[in-house]
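Dumping the structure here so I can ask a few things about it.
Chain naming follows the written order as A, B, C, D, E and F, and within any one chain the residues start at number 1.
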């Protein structure tokens, strides 16, 4: 037996050589401060991880009943692909040292001294697995953002294909430039504390690229081009998404300190919350003035836009600036959504809430960054309102343009290739779209009883024959009665 | 350019002078024990923050389909107002030193030595932002509790107006008395570890005040005054609320230690859980005996009532007392709900589960407080069952009465003024109430497909003209076909 | 008065003598490393606790509309019983020293030196309450797993009766053998880091035992024995369950380190996530090949199966093995579900995802355990692929068989007794089953508006008489109008 | 025999049902319909776009009665369903040629007779 | 031509549908109705208050057939829908004056003919 | 008076409604039905087991009109509902003996007249 199993083991090991050959180090106790930092960052990573549920429910809420179930499958699939691809390739490209892209730490192995190899995170001593897991959660967030524009009409296969490219290449390189030690951060001093550009704008840019290939949902635009309302089916579940995302941002921004020992993370939490609050109120004001009603979805979008905007400056600003940054994002996001809706069908407002708000947030560093924090973080200078100089603002703008151009170009081409590979269209057929993605891609409705006539469902009609089968040892199934009165 | 921007910056700074003029201190490493305490309290604060989602879903579950979406908008709005108002004003009133109200630390700035300024929390060294954020989360909980009595008929504007008053003034002063270093705590030794009175009773008292102005939902009472059942639309989402709230209490009570270094917080968790468990079972027993069925909502109310009750004593009692306190709350809450329902329309049972249970919890300190913990916490004495003396019970009762009277008076007047300001009624019109708040306040149903006839929704009918608009660069929208068969 | 109350207090104390007589120790500061470990384990325990919501929504999603509400009541009830029973009895049996069962620490009191008394957790210095709470959360998970097989037809009383036995006796003894210091762990060196066997297989075995007594849902099998599809009503809520459970596993596995100071827990997180990701993809591949569609429920089951499988090895393996273990679980779980569905009606796939995957996970230690970690954990040896020896695999298999046999026997008999006690059947009547458990067990539908004709609900029709009652001080209820137009 | 089909407001159902029961007509069927008539549409707003609905929810009442009872039933419906505002609905009377009681297989007008103890019959 | 309207229990639909298909009547329409008849109401309890429902869910079957087929179809429904308990429902027959097949625009009794390969026709 | 009952595809409703309004027939009622006709069933898959549905969603249109208007209305429905594929549905015409406008209590064919300003009447 041994003869047969050893080669088997060898075969397995050969398949994953770089990984499996890594010597297993005996674990050693951490320094106290490192342990504290690690616990904090893991806590932060967990709430960021849970943002996947947030995005799922935001999208579910904004989808029609017939397309709600597919979102669950999509998020699970994307998350899974990101888990593996970012581990195998992405993290090394994103954080292994290098100006254009990193190149060490594939499969999170053979990286030698983690503090040096992942130099951009060298200021923190948390365990390499912690750094990886936290950054993986960011990658998964960015990927989730991509698909907001594509609801209710995209082929499931497109998710799979692009997710691999995105998590292994596009996001890693883009984020490397901004906060992985790449040229924008290291050479220019671009400030993006937790990823207004590196995570949110990158995701939204991918979303724009796919949308241009994909087109609008059937019926979204009248013959004269007027956009029509396609209301999402479930505002409570949408709200669940918002609550989870808001919570998640308390990991997203303050976790980006990668440590707890300096107490900075608590100030980042404060700042994050003030911005979000102002964002909600701003969006409600605009919605009231422009639509005449307090649009529930807009309130949520206002929170998200403000949270996206505060992401970049959250580690650079004083508390007073946070409500301003958030308020601008909140007031603006409905206007962006109205404007974009005129020509592009973005069911959840991702282009506005993650894209434009991400740009605003990144630029706002150029206005509001407190020089003390710029120095403390060791990146860039103070903003216009402190220094009276436009320098940092310029750097921020340059960073936005560079990242957008890179991600858009790569994504647009990727989707073009995927399109060809999928037989010329990223979309399901018109019939499938009408029937809904749940039934057409997954073989069953997400809410079966809302679609299947009651008498064709079990439990509303008796089994086809009078005596149901006797099953294994499970005893006789009780016979039906015609009485219809519950206990 | 510089000339124009500097005044702009100045203008902004002038608007927020107290805040913006605060010098930005260079962050310094925390002591190890402080960092640990801080991570714990932030963790606790996050789960308390997430209780907002818990309240949202508890209320959503107990609302009718037509009023489910508005809850999301309401919670987001209240949370946002609390975030800003408690930061600007509330926290200073609540915790800045003072017998009747604090007066330092507006905008969480210029507070000097935080340990001294926020004296009631001086026993903890966690960062001031941590103290603020934890306490803000409490304020938001208290505010959320207020509105449980008002579901399905209140004007949205009422939320906004009262939220400002409540988060800036009423809650801060009320809670200041009880656990912010005010007279009840400092002079009388009232015990309320995490806020049975300071958070839950205050919220429920606001809820009572508004209910007296507001009246019952249309149709709630038959002509002869018999209460009629208006079942909430979604027990699963109600359950989600309960699970989130129960989890939140593991931040609420044990986080009130404001530190982890003495390990006390883990005993508080134990005690909290035992009470909640007994509460569920108690409520099911009563519901079974009185209603004849195992009412799902009552099971949840039992958990909440027990959690509210254990909130005050959680830091003062031994484990054996917890199931007793919880059981009494659980057995009692359905009885209170039945009784109140006879005259007052409280759709979620907030008066019972937060109000009466809050009173019971506060009083229970007078019975069950272990003198060892009273000494350890430095507040009050042991309870009747340990000391044989009624002293502490009397103090507890006095505290309850004082806080109730203060909050009720201020709230009742506030709502009276708001009523006048809103044109004489806190209620939407009868037509709006019949149509539901989602459509009448927010312009769209929370579950559109449940209300809008299918052929009037997009995706169930073709766009009005045969050829849908060609949109930007997004390519031609696929043409419809008449076939109706999914893939 | 004092005379009357003192005896009362005494009576109460007498009722809980062992508990109440425990001296209350004055709390003392923890060592820094202990405090860090404690914060981490509490964080882990909280996300494990929240898995209750995960199981609730997984089951809710897989239930029909008429049986969705009862799940909430069931989980609350089970959780409550587990809270009290595991505290009073279970924990002492599970972790008090002893080969076959522990016998110290009832009511978590009078346990002397916790490190010695709960010897199997002696490697960790976290507070006894922390150990208890973490382990209680595990017990509650195991109990929740039991009921997945019983949806939509079981009497509520069965939950109550078995929950007491399970949480007080069956789970404690079974888990004691595996990771509480019992014979399988201490004498044989069986490896089960976080409970593939001790938690998941035990739960699933209870589920099998009850299923054999209970039988299939009415209509599940056609006359010729063909299984028929009974689709669950809500894939989005099912998805919520999966997200919460996945998150929960980041407490479940890495929390089983019972400490943070060695940083091992972060590697466990990594490993856990890689497995889950591979599991989702594996299940989708199988579902696509076998069903022709990307079954949403299977994607979720794939995640769960992989997480269950990685539970045992998560502290013993290198990262490269994790995706393999997860992939096998994911590929296999749909096949198991298809096969079991032919004869046994397991609506959520618990037998496959917790039972068979639990077996696979336990066995996989025998293949993949890295000898370094076996040594570090002090349990057993390396797996076949490292050592070329079958020894550990044999131990693992023996452990699985022993635990399964013990739990199955005890559970089967328990249910037989419960059956007799409940009048001969664990099932509700056929009429009750047809009407649904919500209405028949709880007196009201979980989604009332989906069942009750609109004109018989309040708010769709006017109150029975023209003038609604005037109520207390709450003012006059607005009169109805016949207009039907919302604001 | 005649079939009475009425399109009415939801609010009017409960009084109609009660009154018909008292008059000895316990047997009716209702269903949800959406109607357009002389009512204006309502406009919803969602994320800046609009959606106009011209259809409003109505209740459709169906009741087959013996020829001689038609007037009483129609009159009862008219009385309770009238608010005087647009949207009150219509009542139509259609001829019915045959009626069968499924439980017994009987046919004819007799099947329309209310059971003497209609209001308190055992569950079925 | 006649229109058959039957109010039946949900459980009876599947056998009726199958049998009608075999008899050559594949074309029927069903809808959900709530009916009150001789059945007692059921009482729900919610947070201490009660709610009584007098209406019970029924299925309404509609089927237009040629005059000569009426009996066969009615008989088929009666056979499968009968349990003998109160609540089994009723079958009514109404006159129909015209029928049109939309797909072709044809009118008359012919439009009611089942397509020869009805059971296996392509999707539509 | 005649009652027109049409079973049509959902997509056809909006053009029919608009056109009927233009023709002066604003008053119609619709409801959701499930129909079986010449269409094949569709098969869903769930956790390995299958479920076949033979019924497909259709819209039922009901419209009572004066005798003389029958043809115009039927023709309008036929025109817009036709796609030429199986599943287009049917239109039936039934006799109506009486009609009442509830709001006013009036009866007769007049109650079917469209209000002059039907399309823009105040909400009701």
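The rule we apply is simple: a residue touches a chain if its C-beta (ideal position, glycine included) is under 8 Å from a C-beta of that chain, and two chains touch if they have at least 3 such contacts.
Model, not experiment: these values are computed from the prediction.
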How many steps does it take, at the fewest, to get from chain D to chain E if each step moves to a chain that touches the one before? 1
Touching chain C and chain D alike: which chains? A, B, E, F
Between C-E and E-F, which chain pair shares more contacting C-beta pairs? E-F
Where chain B and chain E are represented by their mean Cα positions, the distance between them in whole Å: 52
The distance between the C-alpha centres of chain B and chain D, rounded to whole Å, is 46
What is the distance in Å between the mean C-alpha positions of chain A and chain B? 29
Taking each residue of chain D in turn, which ones touch at least two of the other chains? 30-32, 34, 40, 42, 44-46, 51, 54-55, 83-85, 87, 94-95, 123-124
Using the touch definition from the top, which residues of chain B touch two or more other chains? 32, 36, 39, 43, 228-231, 234, 240, 291-293, 295, 439, 441, 443-445, 448, 452-453, 455-457, 461-462, 464, 480, 483-486
How would one label the connectivity among the chains shown: line, ring, star, complete, or other? complete
Show me the residue ranges of chain D that touch chain E in the complex, using the header's touch definition. 1, 3, 17, 21, 26-31, 62, 64, 94-103, 105, 111, 114-115, 118, 120-124
In the complex of these two chains, what residues of chain A are touching chain E? 453-456, 460-462, 464, 480, 482-486
Which residues of chain D touch chain A once you look at their complex with the stated criterion? 44-51, 123-124
Would you mind writing out the residues of chain B in touch with chain A in their complex? 1-2, 5-6, 8-9, 12-13, 16, 19-20, 22, 24-30, 32, 34-36, 38-39, 42-43, 46, 49-50, 52-53, 56-57, 60, 68-73, 75-77, 79-84, 87, 107-109, 126-127, 129-130, 132-133, 136, 156, 234, 237, 240, 438, 441-449, 452, 457-459, 461-465, 467-469, 471-481, 483-487
The chain F residues in contact with chain B across the complex are 9-15, 30, 32, 40, 42, 56, 59, 83-85, 87
